[in-house]
Amino acid sequence: MSRFDGRRPDQLRPVTIERSWSKHAEGSVLVSFGDTKVLCTASATQGVPRWRKGSGEGWVTAEYAMLPRATNTRGDRESVRGKIGGRTHEISRLIGRSLRAVIDYKALGENTVVLDCDVLQADGGTRTAAITGAYVALADAVTWMQHNHFIKAKSRPLTGTVAAVSVGIVGGVPLLDLAYEEDVKAETDMNVVCTGDGRFVEVQGTAEGQPFDRAELDALLALAVNGCTELTAAQQAALAATEA
Amino acid sequence: MSRFDGRRPDQLRPVTIERSWSKHAEGSVLVSFGDTKVLCTASATQGVPRWRKGSGEGWVTAEYAMLPRATNTRGDRESVRGKIGGRTHEISRLIGRSLRAVIDYKALGENTVVLDCDVLQADGGTRTAAITGAYVALADAVTWMQHNHFIKAKSRPLTGTVAAVSVGIVGGVPLLDLAYEEDVKAETDMNVVCTGDGRFVEVQGTAEGQPFDRAELDALLALAVNGCTELTAAQQAALAATEA
Amino acid sequence: MSRFDGRRPDQLRPVTIERSWSKHAEGSVLVSFGDTKVLCTASATQGVPRWRKGSGEGWVTAEYAMLPRATNTRGDRESVRGKIGGRTHEISRLIGRSLRAVIDYKALGENTVVLDCDVLQADGGTRTAAITGAYVALADAVTWMQHNHFIKAKSRPLTGTVAAVSVGIVGGVPLLDLAYEEDVKAETDMNVVCTGDGRFVEVQGTAEGQPFDRAELDALLALAVNGCTELTAAQQAALAATEA
Amino acid sequence: MSRFDGRRPDQLRPVTIERSWSKHAEGSVLVSFGDTKVLCTASATQGVPRWRKGSGEGWVTAEYAMLPRATNTRGDRESVRGKIGGRTHEISRLIGRSLRAVIDYKALGENTVVLDCDVLQADGGTRTAAITGAYVALADAVTWMQHNHFIKAKSRPLTGTVAAVSVGIVGGVPLLDLAYEEDVKAETDMNVVCTGDGRFVEVQGTAEGQPFDRAELDALLALAVNGCTELTAAQQAALAATEA
Amino acid sequence: MSRFDGRRPDQLRPVTIERSWSKHAEGSVLVSFGDTKVLCTASATQGVPRWRKGSGEGWVTAEYAMLPRATNTRGDRESVRGKIGGRTHEISRLIGRSLRAVIDYKALGENTVVLDCDVLQADGGTRTAAITGAYVALADAVTWMQHNHFIKAKSRPLTGTVAAVSVGIVGGVPLLDLAYEEDVKAETDMNVVCTGDGRFVEVQGTAEGQPFDRAELDALLALAVNGCTELTAAQQAALAATEA
Amino acid sequence: MSRFDGRRPDQLRPVTIERSWSKHAEGSVLVSFGDTKVLCTASATQGVPRWRKGSGEGWVTAEYAMLPRATNTRGDRESVRGKIGGRTHEISRLIGRSLRAVIDYKALGENTVVLDCDVLQADGGTRTAAITGAYVALADAVTWMQHNHFIKAKSRPLTGTVAAVSVGIVGGVPLLDLAYEEDVKAETDMNVVCTGDGRFVEVQGTAEGQPFDRAELDALLALAVNGCTELTAAQQAALAATEA
């Protein structure tokens, strides 16, 4: 069975990871999963939030947002409404936790990296694209910090790599990397964040319609782990390019 | 191996479900999982939000909050700070989704039920206690709606039951229903929402320290499903008592 | 003439004062005036707000709030609306002022006590129940502070006791401790806060319908002073129980 | 004993009531109690808030504010801080209640009057000056509404007059109409709102230091009633001037 | 051709500048341009905002606001709406920039002056009246600071004077100092801020209807420069009066 | 004299206008003025804001924002701070006014176009790039509205074209199209919005240091008009490309 865009059930959309997209940020990546495009910038500064001062440990946090017309219908700006919605908060927290899973705070020293993930165009999977791209921006910021003596050249604040993908059951069929058209029809929707060595950082599965049973859960997890493996390879390829 | 409070790894804390706690609400439950106490009220009103008018379908939503001194250290009131934090938003959304998983909107008709889950005392597992208690409050509100002709006596807006429990890995050991003292030490933390027939509504697992592997995930899921089965029995027992 | 619930005009509703309701707070009381139930917690911390630093004096403040479904019709959460209403502000300030009237700031030292008064169920007189219960929570917190060396064992930060009650004129008859059903019909409504020795801390009388004359004012004051005397006795009895 | 400004204990400060201060408002008064100056404007519009539509009854409400430099030290603007403080809320509510006490909603018809009381210069007694001035602005707005056929020429929406004054105990002596310098030293502070026939609309007494006893309360009430009688005469004199 | 109020096209409305309007502020001016009345207070304090500490330089800033009934139709209070509108922000920034153009920060030392410009009555040209009046309030505050040893007697923080006026094209005719009735009909509207020696601090021209050409722009600039010259003379006359 | 980047004083930076950048919006343009990159999307919807309903006329409005790391130092998100800053408000209003200057509301019918201008990378001139790009996005949205029968094929809602550029005096030399490095050093800064036929829509000149005289103003206006002529040509070239 082929999908609306011709993909196999276990196939990712075309993935691109464009480094050094911005001239200002210490790390910046324009990541695309098909038509989903997210600009991820990593801002490195010396010092940590007040509650962490004197600990000798660093901090990594993230903020996610969508441009108003990233979606098919224009959404109100959260800055204009004067508050951040629940979905935005939830995804920002997820991205931050995912990246912190591969950070050694001691090795980072008392420095802070903020990852901004702004969705320029949305077509499903914005949070998983954001995590996947933000990891690369973070890796570039770490290199920058080494070159600029925020941390020692021998420090290794990154303990591994992290990538994420969505999976879901549509029409009874488990699918990898849902596009928006598939996402709205999914009976079950799951976001999985994995490290490069295939372990789990986050597993978030939600029954949108019918509850799902154990067999379905197992099928989705298998798809997701394979998808993350491919995404990890794409990250490594992007980072292997000579000039950031 | 026994836990700090003498429980076995696969043992719930004592669970109580006290119905009709409030004289005003259409359904109200004081639920406790050990020292965690959550007051769940269900408010039923005729009519639905604007975006749903004319659909013939109802709506169920939830709001979660903590009293400032529900925890060991007093937290600022979100009303005083003027905005709701990310954690509060996230849990409110989780509770709402969990209850909507067992609602037949058509059978509910154009009526709305709001579940308010206010944590009076926190000791770990507040969101899972909230879901478990809110289901019972919702069931009472549905009965009230039948008696008060918001819906027909034969309508069955509830398509099943729902309960939730936390599980986690502490010191390498998978444990059921973490108390706060265990929660802060957990390497992995997972909240699982199940229907009464043992299927999944939500699975949210997070690596707090080390990423977790597939075997650990399987162990946690098994514990959680058994815990939910016990909680479902406690809900049924509470609802079977003659007088709400 | 007897009232809707069988009380005499000068009779309080049944009053209960349950101490140590919460395991976390330094003082905690569940107070009920009939069906009105308020959870009062006292949080004691070392240090004072910035404007008071170095003065050698302490501070006591209060925050009042209602759970959304404490009332017959669900109210919006102030945290969700993003601001606190005028009524909430006004009552929080009243409770704070009332308790500060019996505090010797020097004897308290540079410590702060925050009283949180959360109305779990409302049936008239929530602010007076809050003041009456908060005094007991404050007294327990002071004892705790002595035992935990925040203040010296011989310090006496409490210079007296404080209790409060509502009075009003309904159908031309002055009544003590109005229930909600009476409150909505009252032509005049007055809240009186007294010290244990029968002096006034606050007198707030409002004509809801017709203005009131001096004779009516005198009748209300007399009822209120007697009511506060009874409440003071209930506070003392609660505090006299061996185990907080 | 004479006061810091040479007044007798039972003497008001010089009171001026300047009508038609603004060219836009339907009623506008610049009222001064000594150095306290409040601009009171009454805005009359057809229609009522949504919750009152179809009732055939009108509505009167008030908003109080201080210019940032009305006081000795500049205060932050509440518009800049993004929220209204408790004191502002409390006084706005007091002014609204006081004026509504002399309004016949039926005679007002489905019209709304908003009283804006902006303190241009503060020297104690701003809320009582505001009430006293706002009554005159309201009376002018009612006349305007009769002339402009919002209400019938024979309608009498005003059922009486209302004025307010502060009293307090300073150095053991009960004083009328406290200036700021007296207010900050007062042991007890009371605001009294009276109708023109000498009955009470609001009595708000607060012990700032020592609680007050019944004899002190009686002395303060007597001073306040006399002060309100004088203020009522000043209102009537202002309204008797030929040209508003 | 004469204007609706009998003025020539190049004629200002009657201008009054009343100094020392408030007893509290270090400088205070009630300025009127015809029926437009703005209360400008200057608050001088020692110290500067955090970002400027240790620089040895001072700071001057401004806040503009309108009373709700300054205009023909009552506007909502920005404090009640919980946020400041774009127009308010924009004008506050313009006033601040205009005054800073004639400030020598070094000579001011680490002191701050805040100019509050509150429109009591609006009839066009509120921002230009505010700038013109605020300059005089600022000059008085500087004198006060010299007398009170915030700055040395020989310091000259003011490097010049500043005044502002509006001009516009109405019915094809360039006019000076538009009243509200003219402003709403203007095809082009321009605000010009000049120093006393006839140079420009700000030029803000906007086509409200048709775009304007270079000849029209030149005509407007000529009118504005002449108007500012007259306003500068009025400022000097006000400041020349013996006792502020 | 050549500039830091080798440009002549009267030379624009390289300008690119990339249409159809987003798959969702009715018009979308990525515009760059050198390193300044702004994504402009035009969202067309049927209907108008409430205050305009029934007028038969349309509405055009704009919102401007910067991504947090568009600049050299990361700025706080306005959505997180919960309010929009004065600069953002001011620029949003400027963009809206500029585009409305070339709109025939009647020809637009009761339709609304919202222009979102999000700065992805900032290097001076973000508001002028935004206006220049937004015009092209608006033109594409108008075409889309004709094809989709929001307006008649013969309707011409655009009465002209509009473009904008910054000019300023740096080191005494008038320069066209300031880059950030020049902007921070400018003594005078001016933004000019012109129609395609060389008339002015907005002229906003500000003395950052010394006030400017008439000769300087004339030099800046001449540079700006020429710059806008070039930008108009670039807009026309972009729109002339076959496929939007």
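Lettered A, B, C, D, E and F in written order, each chain numbered from 1.
Definition applied: contacts are C-beta pairs under 8 Å (C-beta built on N, C-alpha and C of every residue); 3 or more make two chains touch, one makes a residue touch a chain.
What you are looking at is a predicted structure, and each value in this text was computed from that prediction instead of being measured.
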Target chain E, source chain B, minimum contact steps: 3
Chain copies touching (chain B, chain C) - same or different residues, decided at half shared: same
Most widely separated chain from chain B, with each centre as the mean of CA atoms: E
Angle of the C-alpha superposing rotation, chain D to chain F, to the nearest 5 degrees: 120
Intercentroid distance (Cα basis), chain E paired with chain A, Å: 51
Chain centre separation in whole Å, for chain F relative to chain C (CA means): 59
Contacts with two or more other chains, residues of chain C listed in rising order: 82-84
Sequence of chains encountered when the ring is traversed from chain C in the direction of chain D: C, D, E, F, A, B
Interface residues, chain B side, partner chain C - complex: 22-25, 28, 35, 39, 41, 43, 45, 63, 65, 67-72, 74, 77-80, 82-84, 88, 114, 116, 118, 120-123
Contacting residues of chain B [partner chain A, same complex]: 83-87, 89-90, 92-93, 97, 101, 160, 190, 194-195, 198-207, 210-214, 217, 221
